[in-house]
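In the two complexes below, chain A is the common chain; its partner is chain B in one and chain C in the other.
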Partner chain A sequence: MRIARSSIVNSQSSRETMAWRRIIITLAVLLPLIGILAYGFTRDPRYINSPLIGRPAAPFAVTLFDGKKLTLDDLKGKTVFLNFWASWCPPCRAEARDLEAAWQTFKDGDVLFLGIDIQDTDEDARAYLKEFNVTYPNGRDLSGKVAVDYGVWGIPETFFIDPQGQITYKHVGSLGSALITAKLDEARRGIVSAKEGKGAYQAVR
Partner chain B sequence: MTATIGHASVIAALLLAVWGIIAPVIGSRPGRERFYASTRAAIMGQFFLVTLASLSLIYGLVTTDFSIKYVAFNTTRATPIYYRVTGLWGALEGSLLLWEWILIIFSGLVAWIYKERHRELMPWVLMIFSIVSAFFLVVLGFVSNPFESVFPVPADGRGLNPLLEDANMMTHPPLLYTGFVGLAVPYAFAMAALIRGKLDEAWIVTTRRWTLTAWFFLTMGNLVGAYWSYHVLGWGGYWAWDPVENAAFMPWLPATAFLHSVQVQERRRMLKVWNLSLIIIAFSLTIFGTFLTRSGILSSIHAFSSGPVGTVFLVFLAIVLLGSFGLLAYRADHLKGQPELDSMVSRESAFLLNNVVLVSALFTIFLGTIFPLISEAVAGVQVSVGAPYFNSVTVPLFLLLVFLMGVGPMIAWRKASWDNLRRNFLWPSVASLLFALLLFGWNVRDFFPLLGFTLLAFVVLTILFDTALAVRARHRIAGEGIFSALATLARKNQRRYGGFIVHLGVVLITMGIAGSMGYSVEREATLRTGESLSLGRYRILFQGLKGSQQPTHFRVEGAFRVFNKGEDLGILSPALKFFPAQQSPVGRAVYRSNISDDLYLILSGFSELKENQATLKILVRPMVMWMWVGGLVIFLGTIVAVWPFRQKGRGWRIED
Partner chain C sequence: MWRYLLILMLLMPAAAQPAQQPDLEEQTRQIAAELRCPVCQNLSAGDSPSELAQQMRAIILQQLKEGKSPDQIKAYFVSKYGEWVLLAPTAKGFGLLIWVLPFVALAAGIVLVLFVISRWARKKGRPQPTPVDPSLIERVLREATAETVLKVELDTESPGSLLLQEQARLYADLRELEFDYQAGRLSEEDYQDLRHKLATEAALVLKEIEASPATRAGAAAKVSETKAAPATKKTVEIRKAAVAGWKLAAGGIFLLLFGLTVGVLLTKSLRPRGSEQDSITGDFLTGTGPGGVGKSSGMAGMPGMEGSSQDISSLLVQGRAAYERQEYPKAIEAFKKVLASDPNQPEAHTYMGLLLSQAGHADGALLAFDRALSVNPKFPLALWGKGMLLFRAKEDLAGARETLENLLSVMPPGTEKEEVKKTIAEISELSSRPKQTPKQSKAGSPPDKIQQISGTISIDPKLKSKPEAQAVLFIIVHSGNSTAGAPLAVKKIDRPVFPLSYSLGPESVMMPGASLSGKVAVTARLDKDGNPMTKEPGNLAGEYKKNPVAGGSKNVDIVLDRVM
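This part shows the complex of A and B:
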């Protein structure tokens, strides 16, 4: 009787050990799998450390909405805030007022804001500028060449260019006013950022 | 207002889902059985509320209520009404709502149909549905809310991606989602059986038709996706092994394996753990697929924008995997005592081999899909494996599968006798070898196509031969003519003959794939008006370009007159469409299908309109049309297999 009973207890406890063993094996298979998928979030497949930062800005020529022409050479000696946008891009709309406010703050210094509208219609773009009372110069990238030269893939996308014509910082997505102030200050002093920044953006089409 | 109703419905449905999770747990205590009944009410309530939310969003889309951000992003005033409705699944938030809606429709159907049956399992089945539903409702309520408002209200919306403005937008996503979500039914029953420890065959028998239905939608969703890619994307292909295509295809593999291996369990009480694992894997892969599309962790043309929703999906995927497999491991003791295989030459082993092949294919494709992640984690470099990897590994596996498709249904259970083998396979084998010689004589001499077509012939021959024998038997016994004998056979043995028809459909699809993979030719040239380009038996004469302003875009069309061995087949006009907000034009390829091949024309470029010079790419792709015909045949076969025929004196038999 006693023997029989202890063997029942034994088989029960060994069954529990077996169950635990199986659960541990299951975990050993599944956890690395989940781990690797989680690792996927630590990086963005489209993220490339911008090769543009620290390099001379690519020359460009745009026609402004008031009909004047503007090239990069015209801007030598100034700190340039170069912003790519489009009227159909919600994060661009979100930051539009901040950009204009920053322009009002910095326009008397040696700073120039330049907006470049991409993948847009003339009518929509003008309506956008009017809606947000944008007063800094803006032009349209009709051929898409400027956007390609600057590797624009998500707008708004902003480049900070120092007075020597070197790109000091690149930001994909909307900027806050604090970041604008900080990065403009660095650009004015020629300090090159290590990495590009990212905010809410809309992929270009 | 619309947005408020929609959002409130989502939140209320979430509360009911939470109740649907808690109630069975309380109800499992003695004396509190009445709580079980409320799980059903929780599902029905969610059904009502989610339907209300979905209809609200559709209403917002149709009435172009741009105060809802989702509507503003996915419609414009110029969008025709049907594309406004399809806007429901045109982007992330709406497609998640559609997913939840289909899920809750399935759950409601299950709750309604099994009102009086499976009293012990149902509360837990419905609890599983509520868990899945609660997850989607959390996402819809708090992470990517389709009813988010936008201020100031824009004057006009942005519109769908022009590639999505296509008739297939109405079929491909809903079919695929229905297939994905349909797998939740067998999954829920499997989990309920595990929770209750009721591990007999009941859950399998009950969910048989649900599984087959889900499998059908999954197959169609993939096939229509291939068709869409073929006729819209304008690159002449239908499958690119893109991560998201793989994600849609992967659940199909364990689902197919499951459909076959449950038959072994039904007959022989074998493979219990295996079947549970397959359905867990299949269901997890549907979540994984959705995760992949929404997380942006791999680059793909299908990817929606990335955001926090990916993380939420990963957490849920982890819960599903760990919970389900943990439960399975815990209950594995109750799943023992299965008989061993009696013989290696038997239907069990054919089905088992079929399963091994399908799971190997799944593993291969899964590995290839997440390989960029693994390589970056291990070596720090992101390396993608492309179509060559997938093709070279999966083609042999799929050929083996085709062979098994010929063997499996005909070979005997337990142990095949020589007599069984000779009767079923001798003539089909001889005939398919003769067919192979004939193909060889026709210059089909490459190994894989020759083997492929021979195996396909073998499958068709075994099916025809078996059916012919059965028809002859009925003719002798009951004196029936051929067609009435076929009808009786199909009605008396729906699964077998439905399965045969589905297999014939798979044969046709495989034939289309093999033909177009092995024997496509293409040519590209720049032509002036009056010049022509020849490929095979076709000659294409360029007759000029025409530009026209369409409501949403500017279109440049080329006129090409097609001659087949001198016979005038009329004009084909491939076009390039220029959408104002798009950098590169969208191509509209045109093709002419016939039973032997497709002639596919792509306008790849043109100089200024006046000069009338165009660059044309032509492809001749053999047998592509058979893939689409195969889809129709599968549809027919599925109907034969699941149709609730009226049995004499028994009334409608929906399910057991």
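This part shows the complex of A and C:
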């Protein structure tokens, strides 16, 4: 203390600049750190950005609940609305009626809705389809291969595929009818969305 | 033993397939360990028990069989889930930063430490780099010790007096130091160090005073040279105070802003938990909706739909870890949470059973194992738990043998299997000479007969409640007059028909060696869904009105008269 007090006179200005420098250094270290933390706050750590948009859709073959087989090749030339769901997934239930309503609107055009049930039992899945009066084709992905091929991690997950077989848009979470209409129209014309969409979702098991 | 069974269980899906080449499995494990499980947090696809991770492992094995290289398989997953799926990101682009940054930070840290140490060493090691004339220092020391007390009047208007005051103060300090040293309050080293510092400072002040033609005027000139404005002691102090105040204000404003930011972010991102399984993080920041599933309005009141499966798998991992570490309350907590969101989770039931049997609750444990096996009749850990429980605690040798033989049929060959075989052999041996069956708790206790407690149980007609088909009645005996804590004995009656007459004997006693003699309190509980872990509304309870009773009492009649 004694020493600090002693040379007030001739070191006053240099001390002031020292103090300034200290403040600036502290802020220079702290502010970026706080910035990084704040940025981390705004992100959903579970969210996985899909690299699939704009790429050709992965081929698949599923057995539908009515026993028929369906492959992606069968759907060439059609705009495909590919929806992954499970009976235990609340957001899937939330959108189920909207999807069926959209199917009723579009089914006469060159559009095909296909639901793929994942991580589910046959019994529960059938009960679900009955409960929501789903009439568009639905099948089960028993091994999880189709789900992994489409990078599914949170359901409902929906892919819009244009008539050339290219994925134009992906949406994680419940879909509303307005968005379905808009994105189906884009997919029909082959317009690839820049970003995927996001709503309330349920992580897969 | 448990650990091996667990590992074995995780390997089940792979092991269940016809004999693999072991190196393929090993390769699968290695590749899965490098991939992130998309539905877990910080778990590899190799470690995660989730369904998706199991499917990923199956896909890896399949692709290996097709002759793909590990790099090709990893590239496949990257093409589906992005770079994110690799636990160790590739050293390219942004990913490179993650690899380089720690080393940069380490290097910067080393440089900083070196810098600080060298500065410190320079200060400590060479305290002499003084540009001061040694003769001046000598003069200072001479003057200071010469008892010439410098008297400086406090002329605050004259800036020159500041230097003189400083000089006087330093001299006084030097004398004080000398005095302290003589009095033996300072070590030689400290004394020399401080003395040198003070003398150097004083010499500097002296030099300044000397440098000016007239002391005061010179000092004033000096001061006005370094300062644009003439600095008086007062203004210096005011300035100092102002700087300190400014710093305080800046710090205060910074803290305030920080607090506001955190406050706003937290209130926007958190919300009260709607239920036990709900998460507190909200839509704004994390994108997790109420119940972890979003704002879907039609979802309220849909039983069993809330509680994300991801939580279940992570809770299972937590519970298992706590169990391994023998932190049983934590484990119970975790498994209870699992059961709350998925009442049929076999693994959680199994662990509950293990925990219960460890605590001596054989009946509850048996119930839990049975629940697990009703969901998955081939669940190895539950079969093991039930078998050992029947064998050791229940002494139901036939049942134990059957259960363990079931277990044997699902186990792959190995040392574990040998161990189970040995246990079965032991059971067979015991059952072949039933007379010598060691029954520790019963052996040599003739007062057994008077330890029966019997009576009837009925439901209060006012409640008009009908027991459901799967309801289970528990008759619980606590020692003394309290009905809290671990019960002394429990009897479980499936699908009770009321009024029901019961009799409770030593076979229901939970703790080995304890008996039903002495004063006990008897209560009964009717559990709607038969799961003692969950407390549903509508469960009935009642107790014997004249509790406590003596062991061996008859007509201990209980009326279920309370709805829980």
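We adopt the following convention: the second predicted complex is superposed on the first by the 163 of 205 C-alpha atoms of A that agree within 3 Å, B and C clash if a C-alpha of one lies under 4 Å from a C-alpha of the other, contacts with A are read in each partner's own complex, and residues count from 1 in each chain.
Simple rule for what comes next: a contact is a pair of C-beta atoms (placed from the backbone, for glycine too) under 8 Å apart; a residue touches a chain by one contact, two chains touch by 3 or more.
If you're wondering where the values come from, they're calculated on a predicted model, not measured in any experiment.
Colleague: After lining up the shared chain so the two structures overlap, which partner does A:18 touch, if you call chain B first and chain C second: first, second, both or neither?
Modeller: A:18 sits against chain B, while chain C stays out of touch.
Colleague: Can A:107 be said to touch chain B (first), chain C (second), both, or neither?
Modeller: A:107 sits against neither chain B nor chain C.
Colleague: Quick check on the superposed pair: does A:52 touch chain B, chain C, both, or neither? Answer first, second, both or neither.
Modeller: second
Colleague: For A:173, decide between first (touching chain B), second (touching chain C), both and neither.
Modeller: In the superposed model, A:173 contacts chain C only, not chain B.
Colleague: Quick check on the superposed pair: does A:121 touch chain B, chain C, both, or neither? Answer first, second, both or neither.
Modeller: Once the two structures are laid over each other on A, A:121 reaches chain B alone.
Colleague: Just checking: does A:94 make contact with chain B only, chain C only, both, or neither of them? Give me first, second, both or neither.
Modeller: After superposition on chain A, A:94 lies in contact with chain C alone.
Colleague: Please indicate which partner A:195 is in contact with in the superposed arrangement: first for chain B, second for chain C, both, or neither.
Modeller: A:195: touches no partner chain.
Colleague: Residues of chain A touched: more by chain B or chain C?
Modeller: C
Colleague: Go through the superposed model and pick first if A:153 touches only chain B, second if only chain C, both, or neither.
Modeller: second
Colleague: Between chain B (first) and chain C (second), which, if any, makes contact with A:145: first, second, both or neither?
Modeller: second
Colleague: Taking the contacts chain A makes with chain B in one complex and with chain C in the other, which residues are shared?
Modeller: 19, 23, 34, 38, 41, 44-46, 88, 90, 119, 144, 203-205
Colleague: Help me check something: in the complex, which residues belonging to chain C touch chain A?
Modeller: Listed in rising order, the residues are 38-39, 41, 50-52, 55-56, 58-59, 77-82, 84-85, 162-163, 166, 169-170, 173, 197-198, 201, 204-205, 208, 222-223, 226-227, 231, 236, 239, 243, 247, 250, 258, 261, 265, 269, 285-289, 291-299, 302, 305-306, 308-310, 312-313.
Colleague: Note which residues of chain A are touching chain C in the complex, please.
Modeller: So the residues of chain A in touch with chain C come to 2-3, 6-10, 12-13, 16, 19, 23, 34, 38, 41-42, 44-52, 58, 88-91, 93-94, 119, 143-145, 147-151, 153, 173-174, 198-205.
Colleague: Under the touch definition given earlier, write down the residues of chain A that touch chain B in their complex.
Modeller: Contact set of chain A toward chain B: 15, 18-19, 22-23, 25-27, 30, 33-34, 36-41, 43-46, 86, 88, 90, 119-121, 144, 203-205.
Colleague: Within their complex, state which residues of chain B touch chain A.
Modeller: Checking each residue of chain B against chain A gives 73, 150, 158, 161, 291, 295-299, 305-306, 310-311, 314, 317-318, 321-322, 325-326, 328-330, 332-333, 370, 372-374, 376-377, 382, 580-583.
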